[in-house]
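Here's the structure we're looking at; comments come further down.
Note that the chains are named A, B, C and D in the order they appear, and that numbering of residues resets to 1 at the start of each chain.
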Amino acid sequence: MAGNSFGKLFRITTFGESHGVGLGVVIDGCPSGIVIDWQQVQHQLNRRKPGQSKIVTQRKEDDELQIMSGIFEGKTTGTPITIFIANTNQKPRDYDHIKDQFRPSHADYTYFAKYGNRDYRGGGRASARETAARVAAGAIAQQILAQKGIEITAYVSQVGTLELTKSYTELDFEAIEKTPVRCPDLPLAKKMIAYIKDIRKQGETTGGVVSCVISGCPVGLGEPIFDRLQAALAHAMLGINACKGFEYGSGFGGVSLKGSQHNDLFVQNEGKITTTTNNSGGIQGGISNGMDIYFRTAFKPVATIMQPQQSINEAGETVTVEGKGRHDPCVVPRAVPIVECMAALVLMDYWLMAQTTKF
Amino acid sequence: MAGNSFGKLFRITTFGESHGVGLGVVIDGCPSGIVIDWQQVQHQLNRRKPGQSKIVTQRKEDDELQIMSGIFEGKTTGTPITIFIANTNQKPRDYDHIKDQFRPSHADYTYFAKYGNRDYRGGGRASARETAARVAAGAIAQQILAQKGIEITAYVSQVGTLELTKSYTELDFEAIEKTPVRCPDLPLAKKMIAYIKDIRKQGETTGGVVSCVISGCPVGLGEPIFDRLQAALAHAMLGINACKGFEYGSGFGGVSLKGSQHNDLFVQNEGKITTTTNNSGGIQGGISNGMDIYFRTAFKPVATIMQPQQSINEAGETVTVEGKGRHDPCVVPRAVPIVECMAALVLMDYWLMAQTTKF
Amino acid sequence: MAGNSFGKLFRITTFGESHGVGLGVVIDGCPSGIVIDWQQVQHQLNRRKPGQSKIVTQRKEDDELQIMSGIFEGKTTGTPITIFIANTNQKPRDYDHIKDQFRPSHADYTYFAKYGNRDYRGGGRASARETAARVAAGAIAQQILAQKGIEITAYVSQVGTLELTKSYTELDFEAIEKTPVRCPDLPLAKKMIAYIKDIRKQGETTGGVVSCVISGCPVGLGEPIFDRLQAALAHAMLGINACKGFEYGSGFGGVSLKGSQHNDLFVQNEGKITTTTNNSGGIQGGISNGMDIYFRTAFKPVATIMQPQQSINEAGETVTVEGKGRHDPCVVPRAVPIVECMAALVLMDYWLMAQTTKF
Amino acid sequence: MAGNSFGKLFRITTFGESHGVGLGVVIDGCPSGIVIDWQQVQHQLNRRKPGQSKIVTQRKEDDELQIMSGIFEGKTTGTPITIFIANTNQKPRDYDHIKDQFRPSHADYTYFAKYGNRDYRGGGRASARETAARVAAGAIAQQILAQKGIEITAYVSQVGTLELTKSYTELDFEAIEKTPVRCPDLPLAKKMIAYIKDIRKQGETTGGVVSCVISGCPVGLGEPIFDRLQAALAHAMLGINACKGFEYGSGFGGVSLKGSQHNDLFVQNEGKITTTTNNSGGIQGGISNGMDIYFRTAFKPVATIMQPQQSINEAGETVTVEGKGRHDPCVVPRAVPIVECMAALVLMDYWLMAQTTKF
């Protein structure tokens, strides 16, 4: 209820703060007998972690996962799986100067107003560092889904005004990991990297878009009415720090089409039902139709900038806030695994739910 | 779990089908002792109902609410409030010809695949008629919130390519109800109406955008991490039939701004903390900051068009499907109260949740 | 959250009051494609309804079920099933005299204190009449389980001090319905009936015990730790009006045994694992072990007696309360189908849950 | 859903196994700004831990709590509180001999059947050692409730056939902690201790009863219908290892009373409403009425005995199982803090829920 859990049948609860002992996640409802590839989980953590490239924050955190429960002789037991990631490179002193200040467009003020007692160090619980815990859980879901043939792939499709306009079907997903910006269009990726470096020099930040494609999803995942598959995906994405928007299939662009242009016609090919187009984004009536599911998520410019900004403090006095330390000029490269992992949590949950529909 | 409930503390469950006995909703968790203005609830139902103007479907349904439980001597009792809306003008025969067909971009195929046994008449449970039940519940939430000073107002901001580019702060909300299209910019509204009429003559349909503004929201509503206020709003909106996207505050447009342009600076005025701009859309760290909350929702063109389309039937044979009867050329005018009511359900739920945070 | 729903995957929500329009239940999560025997559902409602015999209340209520949603062409569709039972023989005037009084050991005072506005007529929402709605839902679960070979049978095992000491294995369940008291030991049943008649003449009431046996339950139903199968059954039973206790397997009597007497030894017979005794009551570690599940539930004497009792009213004044009208001298005969149906709701929920454990 | 969480608004999730890294609990929904007395939490852990006296198991475990999250500058922050208790004295080799055996009346067989892969060491997840995690969480709830004047006290009221027949009102709760058996009637406690020592010498075990009293509970806690306060308490208690029964107020004994004997008459004293008797056990209609809440819980004899018992193994072969190592002859002395802490979790949850009822 208090917001720290996600999912119903494959249910995770995260805990921990940016500058506390560490971050953790408990996964309840993971089926038993599954071998987990922990290197794959660590790989997703590494894609999210700071310090991985020159265009992200230079903080060094190992984000090494520790298994605390739920695994016996290398396999899941059906009991809660707990993963812990210790905080090892925290410099809480970096935050002494903002102890009682409200940084613009951060959660400082709202947490103060809601909770009274807040851990101001690095954003405390509101820090994007919390997403490490979800990535650990989501990476487990992702590899279980892969065993069922469901593949989830995210990539950067916009940085600032640099936009990838090609459809995902024209892209080579192998190219995503070839650059630190995680845009599979390499010439555009180069421009994005240059832009991020430039913006950082200015003490500025920028936003971006992460696109995601889910292929191999069987027909029938999703619950109708309030818990449509797209509603759960939107919930998952808007629950990521800095995410400002979600659209799937034709999205906002689809509103200006006519019905005859937008409708996806059903055809049958050797017993397999597909559609000739996919404006539906793989979901109809809230339920997957077997086509690729795809969606886009907007991320705002990082709020911490290396420039003085006017603000107020807890006493209501006007103060000048200025970012210090090591911060991201743009979050989308590191958001790629987060989007994948949150999508995986949704799909895994709905996959389990689908087991209960037919008698 | 199966998708027919929404909310945690102010929790609704809807039931019923387009061509069954009727639609209903049970509200569990409504505080006691509240006088409900039933005319106001009926008013929202009337704004949603078919046949209300020349630019919506000409089906005639009274959508008259019946109170089945939870009210005693005119006030809520804290026990479940049930509202029922009988189906009175159904013509199930209109659907005989599509009994075993999958209409393009409808839920026919996915429901068939997931459930096997489906009520094909008018879309059955997947029909947008289900939203009448949510509107009844949401209208109750909306008026309770109004007693706390929280006002929720939605309007049409795009139809086809006709887009309202003004900020909501420049609009006169009194003008929303002056035209059947519910766009408060009257010259633009006129163009939208003409466009919808034109598109209908073509046997076509179009999409649109509904914008929504929540004013008077106190600081502190929202749960962090996974259940941020924006995540719940996105979940609510993507759970509406035909909704394809959600963005709040600066949204997708904000991604190309620089951090210094996007950040909202805090200022204090006679003890009240506000921000100089509101790219945050009234939410920071998932928690309301006291500024207006605003968001936009994309709706696709209506799938039922008055043109022949190729499709397949349950046997996998190629068939020609053609819309018959009375359908909407564009859903956004009728979606306005649905967006308001779903937003009200979210806010009411979080308002109750906020009562449990401080000890 | 507010208490009117039960179950997670097979989830019911009841609504309505004793003297309002009627009682209803929405079932969300029922698998699709199941043919429901409505006569069987009505049969369970009839076993619960007042006026069925001379030893229960002489109120006449038809308790005829109406199907409001979720059934198409005679089968479930996977969408919410709603059943409504109209109130047809209410005499609200019977309650005018207790309008502002708190009847001893009723819910009048606590509802008043918690909610302020309460429907005092016949107990309003707190009336045991609400159980009609659960019975309708539970009867559906019960017949679905029967299709899986799971049989649930309850019977009266104590009335006042008249106690059935035989094990359920020695009883003929066919005899349960042979007398209105629903005790399968016919000589004892006769005594119980005589006792209930006698107690009624005194203007008194008495309590009793309902025992329940679940046979044919597969191994593996139940969730460990907090949601053990016995915990869910206890929750279900203590949620029935007037229920004061629950014990399963050896229960309270088992505490005085030694471990060697109490332990159930595993044996194997042609591939089937059973235990030589069944003090475990068919549940170990919260999970069914394939043996019969059995439990006992205690019901207090009915609070409404035909004698003057001292009490207070809303103003805090001392008043004399006296039962009028038509009330049960003992609830256990009518509680038998309620216990069966609540048990069925638990088992059905856990049966669905068990589908999600193995991958 | 998978059983490892408890509560709705004050929601805990436990993780860990008897012989893994350790046990832990995440508490989500604890209000912010509360100072926790960690010595008090450790004190409850110490009352539960093995090795504390000569009548409990002689295993030595420190059960020292570590705070992993949710506390800042000594106070709760409203974010998840995580407590971890490392396993320090595990001897997994003690269990090698039962690796593939099903110990009688343990969870070995059902876990094997349900999950396939099970941690057999010390019962793994099914071990009563899991209750350490709940005690840590419950001890926090208990002290928060104490700040509101709600006191929860449990004690041993039966061991084998040695039964404490006095009402709790005649007991001196200060005497509970004076003997290791935690029965406040000291002459009886002495007998119980002697009995437990004797039974241990026989290689046997015995059961017992834990009674619990909650005083100072305000009127109005509890949700009607399915989530009555007693239903939640029963759920909590039957979720404790080895618990076989629950009764509150007059319980099973009350069934043989007449209505006029059982009813609790309301009286008013200087504005305070009380009842002359308390057969209702402080709860009417599922809602607390301001009187003491009291209940009893039955615990079966410990399943591990120091005698050879026949059983089967995973291959279905007949084997002889014999307890080794250090086990409890009777769990009730150590169950006392568990019962208190589970009751505290229920009360805390309902206390928060009660904040949402009135508008």
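Operating definition for what follows: a contact is a pair of C-beta atoms (placed from the backbone, for glycine too) under 8 Å apart; a residue touches a chain by one contact, two chains touch by 3 or more.
Here the structure is a predicted model, which is why all the values come from computation and not from measurement.
S.K.: By label order, what chains touch subunit A and subunit D together?
M.R.: Of all the chains present, those in contact with both subunit A and subunit D are B, C.
S.K.: Looking at A-B and B-C, which one has the bigger number of contacting C-beta pairs?
M.R.: A-B
S.K.: Starting from the mean Cα coordinates of subunit A and subunit B, work out the distance between those two points in Å.
M.R.: 26
S.K.: Between subunit B and subunit D, what's the gap in Å when you average each chain's C-alpha atoms?
M.R.: 46
S.K.: In whole angstrom, what separates the CA-based centres of subunit B and subunit C?
M.R.: 39
S.K.: Listing for subunit C: what residues touch at least two other chains?
M.R.: Counting only residues that touch two or more other chains, subunit C contributes 1-5, 8-9, 14, 29, 32-33, 78-79, 114-116, 125, 224, 353, 356-358.
S.K.: Please output the residues of subunit B touching subunit C within their complex, sorted ascending.
M.R.: 1-5, 8-9, 11, 13-17, 20-22, 24, 26, 28-29, 32-33, 67-70, 72-73, 75-82, 84, 114-119, 124-125
S.K.: Spell out the residues on subunit C that touch subunit A in their complex, using ranges where they run on.
M.R.: Listed in rising order, the residues of subunit C that touch subunit A are 9, 29, 31-34, 78-79, 144, 224, 352-353, 355-359.
S.K.: For a test of understanding, state which residues of subunit B touch subunit A in their complex under the given definition.
M.R.: 1-6, 8-9, 14, 102, 104-107, 109-111, 113-116, 125-126, 130, 158, 160-161, 199, 202, 204-209, 219-220, 222-228, 230-239, 243-252, 254-268, 271, 273, 275, 279-281, 283-289, 296, 298-305, 307, 309-312, 316, 318, 353-354, 356-358
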